[in-house]
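One chain, chain A, links the two complexes that follow: it is found with chain B in the first and with chain C in the second.
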Partner chain A sequence: MSNSELILSIRNLTVKYRSRRGYVNALRNINLDIYRNEAIGIVGESGSGKTTLALAIIRQLPNNARIVSGSIIFYNDGNKVDLLTMNYNEFRHYLWEKIAFVPQGAMNSLNPVLKIRDHFIETVKAHNPDASKEEIVRKAREVLKITLLDPDRVLNSYPHQLSGGMKQRVMISLALILNPAVIIMDEPTSSLDVVSQKIILQNLKDIMRMFNVTMIIITHDMGVVAEVANRVVVMYAGKIMEVGDVESIFYNPLHPYTQGLLKAVPKLRGETELYSIPGEPPDLVNPPSGCSFHPRCPFAMDMCTINEPSLKEVNKGHLVACFKYET
Partner chain B sequence: MSAKIRSILKSYAFLRLIRAIVIIIVVISISFFIVRLMPGNPVDLYIVYLETTYSMPYQQAKAMATAIFGVNLNEPLYKQYIEYMINVFRGNLGRSMFMNGMPVIKIIAQYLPWTVFTVGTGLLISFIFGILIGMAIAYRRGGILDSIITILSSVLNSVPNYIIAMLLIIIFGDYLGVVPFSMLRGAYSSNVIPGWNIPFIMSVIQHAIFPIFTYVITTIGGWILLMRGSTISVLGEDYITVARARGLPESKIMTTYVVRNAILPIFTNFTIAVAFIFSGSVLVEDIFVYPGIGLRLLQAINQRDYPVMQGIFLIITIAVITANYLADVLYGLLDPRIRVK
Partner chain C sequence: MSKELIKLMNVYVSFRIGGLFTKITVNVLRNINLTIYDGETFGLVGESGCGKTTLGKVIAGLIKPTSGKILYKGKDISAMTKDEFLTFRREVQYLHQDPFSSLNPVQTVYTILSRPLIKHKIVDPSNVEEEVMELLRMVGLTPPSDFMYRYPHQLSGGQRQRVALARIMSVRPKVLIADEPVSMIDVSQRIGILRLLLDLRKETNMTIIYITHDLATLRYISREGRVAVMYLGGIVELTDVERLLTKPLHPYTQILLSALLEPDPNITRNKKVNLRSMDIPSIVNLPPGCKFHTRCPYAINGICDVKEPDLVEVETNHYVACHLAKGDLK
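Here is the complex of A and B:
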């Protein structure tokens, strides 16, 4: 990271969901710093809390969720603001202007009864009521070209007239219309065919090159991370297990879970049998005692079942929550 | 110019119009053949009735039946059919077997407006309020108000309208004794002059209020439940979360996102409701002695007045098909996915 100016600083974030069986511990004591203009990949299996983290940042958690503790500090032109305690009407102007969010499965992210053109117009008007329609459409054409879409065709289409990949790219363009400082992408490539995936990854790289933007990419696909991210956060059972730059994570993974994840990526050559981490993801209503990963960990020690390891810096910028590295 | 004509011919509204007209023609044909081909069909029965009751000679009875049913019984069946169809499209639906052979179309013109007025008003009120209440409780789902209204709606939705009509008479007319229902028979009081004057309008409202109220109570529960379900499913859609994430004001999300999408599936039910209410009006109008098409249909059935029955069935069918057509066209305007390219 050439400049390591903070943009988001998440502290002690704990989120629970109310469910029939009790409280689901979706996020447990998350601490994470995100720097300006980096592309950070958040990886983990389903239910590890990746999407909850994204929704907490933009304050769009479902009704049954409760933020138990924590703060999310946003560094805005030298000012520090806590996004979680801010008045919502004020926060509404941070949404999309400062932090844009492209959700998982962007197929259903657009209003089926509105043309793409209207999505751009109403988004800009919500933040800048004086903007002229011509000006908005002109800007929309620019951002649509960045994602390699044909503006003339797309602007006059309804969402159902576009393919899944095109809708995803429309959402990415829409995320750029207000020049946000942060864009959160939730599974940008899942449920798309490989050709569309390739275009989207290319779009993301182009955007990183052309804009001063921080990108948070949530995915379970290690390939996506390797392709676009420069830093990686590994989540498991609502906790951060490991944080490091992309080279350290791929060439020198520390946490046994990260090692397992990387071994589970199919390879072109070599071993034919695909590795899978033994056991099942933990029940988040009653998470395992001690380290959440210990029931599946090949290196589990006695202390792992009792005490919970905290995130510690092992190498410069490479943090891990594992007792293996604490002796 | 030809391009414009071609685009009209290809338009969704036009295609649906053709379909509606075809359905109406089919229905008219079916009603003709059912009456004509049944063993002991009403035409023959009427001739026998005239012969036996009035000792009328067969030729005279047949001539009279021809006039009443609007068909020439001396012609072969296909010619009768063509003649009947032409008559129907001219508005000639035959004559009543009673009331000195009054034309059926005149009877309908006299009774139909009252039903359209009460049924239409009732439907509109219950639809608008049902939609608003359903949406309001969907936003507060899981709350006490939601539970109470949902249960109440299910109960109201399952009570037949004639039970509600009778309950209203028992409660307000007898138990509380505050409404003189016997004075509210008819569409308006006999001491007012029909026209645009205050006493007449007041009288019309007084007479119509209980039938309308009955339609509202018995249908509003359905709208509330439908809109509640539809709104809840729309609120769970990604595009609502994204609309909020885009920083759109909540009022905008409610109007262009929630309402516009939640109301789409309900539109279809609106047309079905029109049909249900028309058939439901038969019993409600009978209970309140309200001179609508339902009451007249019941009289016609009791008197075996076939031409009137046939005419009213036809009008109800056309009303339902027209309502369906309008709803389909409106649906196409509201939902771009339905439009034919």
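Here is the complex of A and C:
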């Protein structure tokens, strides 16, 4: 992907949440480049900061969050804009038109008293008040078909008349209707059945090709990443630990956390012996000194408890934040 | 095989839903016949809405079947005396999926664990504190003094699930029904909980009924154990875990296996799902005949959409409910 065109460039992004116990260090100095038409998977456990990262990109962080530093540059037809400093009224037009977001448990985001048809009309009209209803419905039929839904049935249904998997696909269709350049999906399939999950993920790959869209998929599930992503970002305690293409991450993981995570996932074939990452997830109000993974790391050295490693390129396109690879 | 512990005979469960004039009956479980043997680990697998949790609750005595019988140690639980029923309820324990809502938020770990000890007179009142410490050690929360006076919100998901398990172990159960015990826990802590279940089983010889949608975790805790696959309220296949994974006979099981994601891009991307329709029929309006025929790629008109297949033994210890499973049609 190195020769591709940049679409999003995140620099030195640090986000804190105010809480009763003190500041929660949700994101610490995030640097990440995302390229046009790639599917990037962001994996991490709860509290790793993956959802905060998504919310920061779409400027929907909760009120108790503070962006301490950083910029998010969006490359828009040759222009560079910083999403974080841009006037909010101007930014509103970027949302959905350029960057769409499908939240976690998206199926609960539909308005229960509106038919699916009206969800599409409302969404499009908010951005393009002159659009005719016929035109919107025609486009809605197209995007519904792409997500393998029957437009005749779905458009005239209320959300409660659809199953969870169907509602999730409606949300993906809604995200597609304004032809965004980027779609961010937070746990797109975590509340779905095994079979629906597989079908939707397979379908996402077709959608990417047809719509030339960049996908950012946030998940805790290594299986989801293995299925759809071409590049993977591994997060832990608000930091990026490792970035690489999907083959490097799965077949040659470098960071001890990534290695542990992959060895901790039960498998359907081969060895049943599994590894368990010792210890507990970190407290983000008082993160460990040095490398935040050192209390759980089997390779921790003295320097890991004092200094924090930064993300460095070890192989081409494969970056890791670990002193093991710095000599 | 060891002796029969729990036996379900023709169990049906139906719920009534809807308003005053629109009341409809939903058949959540249909004709379940199942025997659980003493000391085994038995898996119940299926997608959401297939009835696996309802079946777990029926076995635990938490939901009464609409018809059919449940025998515990040979005794019909609906015909038990009050004392017998209390013993049954104590011996058959249920571990909930969500450790964030199964523990009382205003009680300390000590209170949570001491209550059942006192209530069931498991130990002498003077030994309660010592027993609580022993239970915490048993579930790996060491040193116990660090955890005894904490509240649930001060614990991680994995630690909470350990407390929930300690509470169950306090009453010395014979059967543990574990309903998706790791699905809400961080990946890095899941293996710890599963190992703990394995250790506790080894120590106490208890029977475990493991309910999950994730065959990979079931394979981890029970490779030789038996497993039943459920679809829309019925059992469609019943055999050993390893055999189910390597030689699934029911088309639904085959599709379930091809849909399971694996943490290996080359393997998972080459698995394709072959279905006639991706949407599960509504349980309110079940199709006639085999409940899977609307989605089954092998369904035969005039057979599968007319008659519901029985669960039959097609090879030793391998039961399948499919008209095609005998092999001559497929």
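Here is the rule we use: the second predicted complex is superposed on the first by the 323 of 327 C-alpha atoms of A that agree within 3 Å, B and C clash if a C-alpha of one lies under 4 Å from a C-alpha of the other, contacts with A are read in each partner's own complex, and residues count from 1 in each chain.
Please note the rule applied: a contact is a pair of C-beta atoms (placed from the backbone, for glycine too) under 8 Å apart; a residue touches a chain by one contact, two chains touch by 3 or more.
Just so we're clear, the structure is a prediction, and the values are computed from it rather than from any experiment.
K.L.:
Would you mind checking whether chain B and chain C clash or fit side by side on chain A after the superposition?
P.N.:
Aligned on chain A, chain C fits beside chain B.
K.L.:
What angle, in steps of 10 degrees, lies at chain A between chain B and chain C when each chain is taken as its C-alpha centre?
P.N.:
Result: 70 degrees, to the nearest ten.
K.L.:
Could you say whether A:Leu262 touches chain B, chain C, both of them, or neither, answering first, second, both or neither?
P.N.:
The second partner, chain C, only.
K.L.:
Per the contact definition in the header, classify A:Asn108: touching chain B only (first), chain C only (second), both, or neither.
P.N.:
first
K.L.:
If we overlay the two complexes on their shared chain A, which of chain B and chain C does A:His127 touch? Say first, second, both or neither.
P.N.:
In the superposition, A:His127 touches chain B alone.
K.L.:
Using the superposition on chain A described above, determine whether A:His93 touches chain B (first), chain C (second), both, or neither.
P.N.:
first
K.L.:
Residues of chain A touched by chain B versus by chain C: which partner has the larger set?
P.N.:
C
K.L.:
State whether A:Asn286 touches chain B only (first), chain C only (second), both chains, or neither.
P.N.:
After superposing on A, A:Asn286 lies clear of both chain B and chain C.
K.L.:
Using the touch definition from the top, say if A:Gln202 reaches chain B (first), chain C (second), both or neither.
P.N.:
second
K.L.:
So in the superposed three-chain picture, is A:Asn179 touching just chain B, just chain C, both, or none of them (first/second/both/neither)?
P.N.:
Once the two structures are laid over each other on A, A:Asn179 reaches no partner at all.
K.L.:
Chain B and chain C, closest CA-CA distance after overlay, in Å?
P.N.:
7
K.L.:
Taking the contacts chain A makes with chain B in one complex and with chain C in the other, which residues are shared?
P.N.:
On chain A, no residue contacts both chain B in one structure and chain C in the other.
K.L.:
Which residues of chain A touch chain C in their complex?
P.N.:
The touching residues are 45-46, 148, 163-166, 193-199, 201-202, 220-224, 226-227, 246-247, 250, 260-262, 264-269, 272, 274-277, 280-281, 296.
K.L.:
Show which residues of chain A lie in contact with chain B when the two form their complex.
P.N.:
Against chain B, chain A makes touches at 55, 58, 60, 92-97, 100-101, 103-106, 108-115, 122-123, 126-127, 158, 160, 171, 174.
K.L.:
Residue numbers of chain B touching chain A in their complex, please.
P.N.:
So the residues of chain B in touch with chain A come to 237-239, 241-249, 252, 256-257, 260-261, 264, 334-337.
K.L.:
Quick one: in the complex, what on chain C touches chain A?
P.N.:
Interface residues on chain C, with respect to chain A: 47-48, 156-159, 186-192, 194-195, 213-217, 219-220, 223, 245, 255-265, 267-269, 271-273, 275, 278-280.
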